[in-house]
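First the structure, then my questions, so here it is.
Should a chain be cited, it is by its letter among A, B and C, assigned in written order, with residues numbered from 1 in that chain.
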Amino acid sequence: MEIAQAGREAPGPRQRTGIPRRTQDLLTITIFLAPAFILFLVFLVYPIFSSLYFSLFNWNGLGPAVDFIGLDNFKQILTDHVFMKAVGDCFLVVVLSLIVQLPLALALAIMVGRDLPGRAFFRAVFFMPYVLSEVITAIIWLGLFSADPARGLINALLIIIPGMQPQGFLSDIHQVLLCVFIVLSWKYFGLHMLLYMAGLQNIPKEIEEAAMIDGANRWQLTTNVTIPLLASTIRTTIYLSVLGSLTQFTLVWIMTKGGPVNASEFMATYMYRFGFVRFMLGYGSAVALVMLLICLFFSVVYLRIARQPDDLGGL
Amino acid sequence: MSRKIYTILSLVLVGAFALAACGTAATSVPTQAPAATQPAAAPTTAPAATNTAAPKPVTINWWHISTADPGLSFWQGLANQYMSAHPNVTINITVLENEAFKTKLTTVLQSGNPPDVFQSWGGGDMNSQVEAGMLQDITPALDADNGAWRNTFSPGALSVYAYQGKNYGVPWDMGMVGFWYNKDLFTQAGITDTPATWTDFLADVKKLKAAGITPISLGEGDKWPGMHIWMYLATRIGGEAAFDAAYTQKGSFTDPPFVTAFQDLQQLIALQPFQPGYLSATHDDMEGYFGNGKAAMELTGQWGPSVEIADSADKKGVANLGFFNFPAVEGGVGKNTDVCGGGNGFAIGKNAPPEAIDFVKFLTSATNEAQMAKLGMGIPPVVGAESGLTDPNMLAVKQNVENATYFQLYYDQYLPPAMGSALNDSVQTIFAGTATPQQAAQAIEDSAKQNLK
Amino acid sequence: MPANPRPRNRNLKKYLPRLFQYLILSLVTLIIIVPIVILLFDSLKTNGEMFLHPYTPPDIPQWGNYVHILTKSSFWVLMRNSLVVMAASTAGVLFVCSLAAFVFARMRFRGKDLAFNFLTLGLMFPITVAIMPVYLVIRQMHLTNTLIAVILVQTAFGISGNILILRGFFLAVPSELQDAASIDGCTAFGFFWRVLLPLVRPALAAVGALTMIVSWNDLLTPLVILDSENLWTLPLGTMQFQGQYSSDLALVAAFVAISSVPAILFYLFAERQIVTGLTAGALKG
């Protein structure tokens, strides 16, 4: 009890002995920010600069890096058609997400709206895949996409249709990327839908009612009122979706390892293969830096267009 | 609601710490702020032995890749046996699937902590591990007592685990790659004799297709199973001379034999002889498909019979299994007695205690190797273990290896690791039809220029 | 006569879109549910049965598959490691981020915006991009193959987003409260500890729940850092199990089914917190 009392009175004497409030605040600021800054500097900033150094070496990680090769790693990355393929695949998935996955999520969110009976049920079900780990998702779909109709449900359903042949899916270099995209959508559309539903919740009912009274039909209401009011949410989901597609790793690695023959190569699987499977650490560092630049470029463009840095949340 | 989540949160936190406390994980968990970097606490050491005369407790970390029975239980049994004979020795076994093993091993080598005893195929991979100083020279142990241990091995097999005259591991299995086939399915397709030439082989593939049977099971997702086909074609066409020339860079991997091998491979692929989805199938998928009697052949090593059984649905595998040598290619200079293959061995990590070497000696003793052979896990390269080998197919494989006019270790293991994977990638592009034979050969040669100096 | 059709028409007009809505929503529900249900079916079959009837409910449920996973595999070790990592990362993120977010929401000092923007820069670098550089640093620190490294990395990469979310919540607390506390002689820390934190408990719960999910599902960080089997986390162990038993499809299904139970249970209990966390990040900023 006495201790607690002392503690409460502490600020009084301290102010009297002349430690100014400002100094005290400054101390608080320093101490409070220190953990975040230390972690941030040690695990984000320093690594990036150190890999800038290692990216100039041909280094397999055993022993110190001594074989200095200048910018050769970067030259090799930019002329490697497999890396270019990986960049292309990432952007293809980005585009597909933007024109298929997000509109689908938006349409479903508007369909469920704010008062459809069973709303909570649908939300819970659609969001469930997001909670499952990517490892689990990948293993589940690996089975569904099996090329053997006796093992893969999708082929089993397909051959019921007269005249249809079982498809290769993950083993077909022309289909594999689409399959990966389908799984990504399965897992992530619920997240986007959830965000849209929350955004809808924030739109005042009166605005929509006023529009209805003015004679707008449902379609006009959706396109002219609801979607513009959701703009900031939509921007956020675009950001999440693009960044997620650019840095996708786990699902792809478990389902296809980037194959067959690089047909589903993503930047992250490329980096992992060279950095962690073949242990070309210098080259891997260079790939990481190129990836970083691409993400940075996108973020800057995004901020330019969206002009609302505060929308970056929700990661 | 938020109180509920708080309760859950705190329960989980408390539970986790409790669990962490009873476990012997090699790390300590900060109880307050993870921001404070606490050094990893040493694992709780075993209590001091009451009997001071007892030898010091020793731990051997052993990594192997026999993920299924009979291998899994066999190795475990041997470890148990050794531990009960040597109470001071603890053997920690880590079992990893082939591909996962390769990745994980690279990571631990990177951190400078190789396992004490681990799976090795010798060749280029092992050489680079030696160059990195990760392995222990066990030549003295082999040579002790006038080479008592060395003389138990067949010299050819032992030399696969030697680099510049020193041994860093020993073999426990040595064999070759060849075609394993389902006799019943061959009969069903009206094939009476195994094919002696590539033309015969292609004809048989057509016959099998016509009979509605998948001719060949292949796990090209792992890349090396398909590489075996190309490797053999190149060996049959160009013989030892062509590969030697390319390897020493006096010749090149774009020389005619290698390009022709790709063209012949294309011929085979054009017949669509593989199971659906083979391009992304793993080696285990391939063995399972063959083991379930759904494909007539597979080109694989001496482990084929035991793995196809383990990977089959009923754990029985193919009832009537046969073996034939890779057929001769018309016009090729390679002999039919030229053999491609390799085996399995154990390498010794740089920090391994002497007990680890003794344990490997125990693993490769004639008695245990005979037992290994009896289980069909492989072909013992150890003198006095032949008695365990009763299966006629396995005996045929052993004969072939012993009488080989030229023995070529699997290309992807023989070559430096970076080139091995480039080679596997190139062969896969032929299967997927994304490169021409010339392009694929050029890609291999490009990698050779970088890696073979 | 004309009075009759009209209401029916109106009914139709009202209910037809509804019907259509439910039809589509049910279809999507099926697409979500069926893969999971098939997984559950498979996990209760023998391997032989899986080959004969892969998509039907099991003839006789093989609970032995589950028993096998729970008694013969390293499931509990994986579970323990995942729990340790998750708990420590979550505690770390909550601790580090609430301190920093408080400063950004409640204190005034020069260079505040700069510092804030700097810390939120991490949003542009998801862990996947930075894993290679981070791994090299972990190596330099001789922290490979330790759980502490996984925890530190996960905490570090949780900083940016969660500071942003928490700052939003802290800003929502009326500033009059702080003024009042200040007049009472309360230090900044005193206010933070005794007034603010209790007020924003729901926000902390939301951030905690979200961090728990991210940590629990993370594969890449443990994958590159952890080597020893006895340190693996659940996603890493699941991946290895799938590779190792690829021919025992039923057993893999059982393992996957069991390892998804904690996440689903947690989701059912903490759905509200997860949703709050996600939407707060996206909407409040």
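Note that contacts are C-beta pairs under 8 Å (C-beta built on N, C-alpha and C of every residue); 3 or more make two chains touch, one makes a residue touch a chain.
Predicted model, so just to flag it, every value in this text is computed and none were measured.
Any chain touching subunit B that also touches subunit C appears here: A. By number of C-beta pairs in contact, chains A-C lead all other pairings.
In this assembly, the C-alpha centroid of subunit A lies 37 Å from the C-alpha centroid of subunit B. Measuring from the averaged C-alpha position of subunit A to that of subunit C gives a distance of 13 Å.
Taken residue by residue, subunit A touches two or more other chains at 35, 39, 276, whereas all remaining positions touch fewer. Along subunit B, residues 33, 35, 107, 110 each make contact with two or more other chains. Among all residues of subunit C, those that touch two or more other chains are 51, 95-96, 152, 155, 224, 266.
By the touch criterion stated above, subunit A contacts subunit C in their complex at residues 11-12, 24-26, 28-29, 31-33, 35-37, 39-40, 42-44, 46-48, 50-51, 54, 108, 111-112, 116, 118, 122, 124-129, 131-136, 139-141, 143-144, 150-151, 153, 156, 186, 190-191, 194-195, 198-199, 202, 232-233, 236-237, 240, 243-244, 247-250, 254, 268, 271, 275-276, 281, 284-285, 287-288, 291-292, 295-296, 299, 308-315. If you check the complex, the residues on subunit C that touch subunit A are 21-22, 24-25, 28-29, 31-36, 38-39, 42, 51, 54-55, 95-97, 99-100, 102-103, 107, 109, 115, 117-120, 122-126, 128-137, 140, 152-153, 155-157, 159-161, 163-165, 168, 185-190, 192, 213, 216-217, 219-220, 224, 234-235, 238-239, 242, 249, 252-253, 256, 259-260, 263-264, 266-267, 271, 274-275, 278-285.
Note for the complex: subunit A touches subunit B at residues 35, 38-39, 61-63, 146-148, 166, 168-173, 176, 256-257, 259-261, 263, 276-280.
In the complex of the two chains, the subunit B residues touching subunit C come out as 1-2, 4-6, 8-9, 12-13, 15-17, 19-20, 23-30, 32-35, 37-38, 40, 67-68, 94-97, 99-100, 104, 107-108, 110-111, 113, 282, 284-285, 287-288, 292, 310-314. Within the complex formed with subunit A, the subunit B residues making contact are 33, 35, 102-103, 106-107, 109-110, 131-134, 220-221, 275-281, 417-418, 421, 425, 428-429, 431-432, 434.
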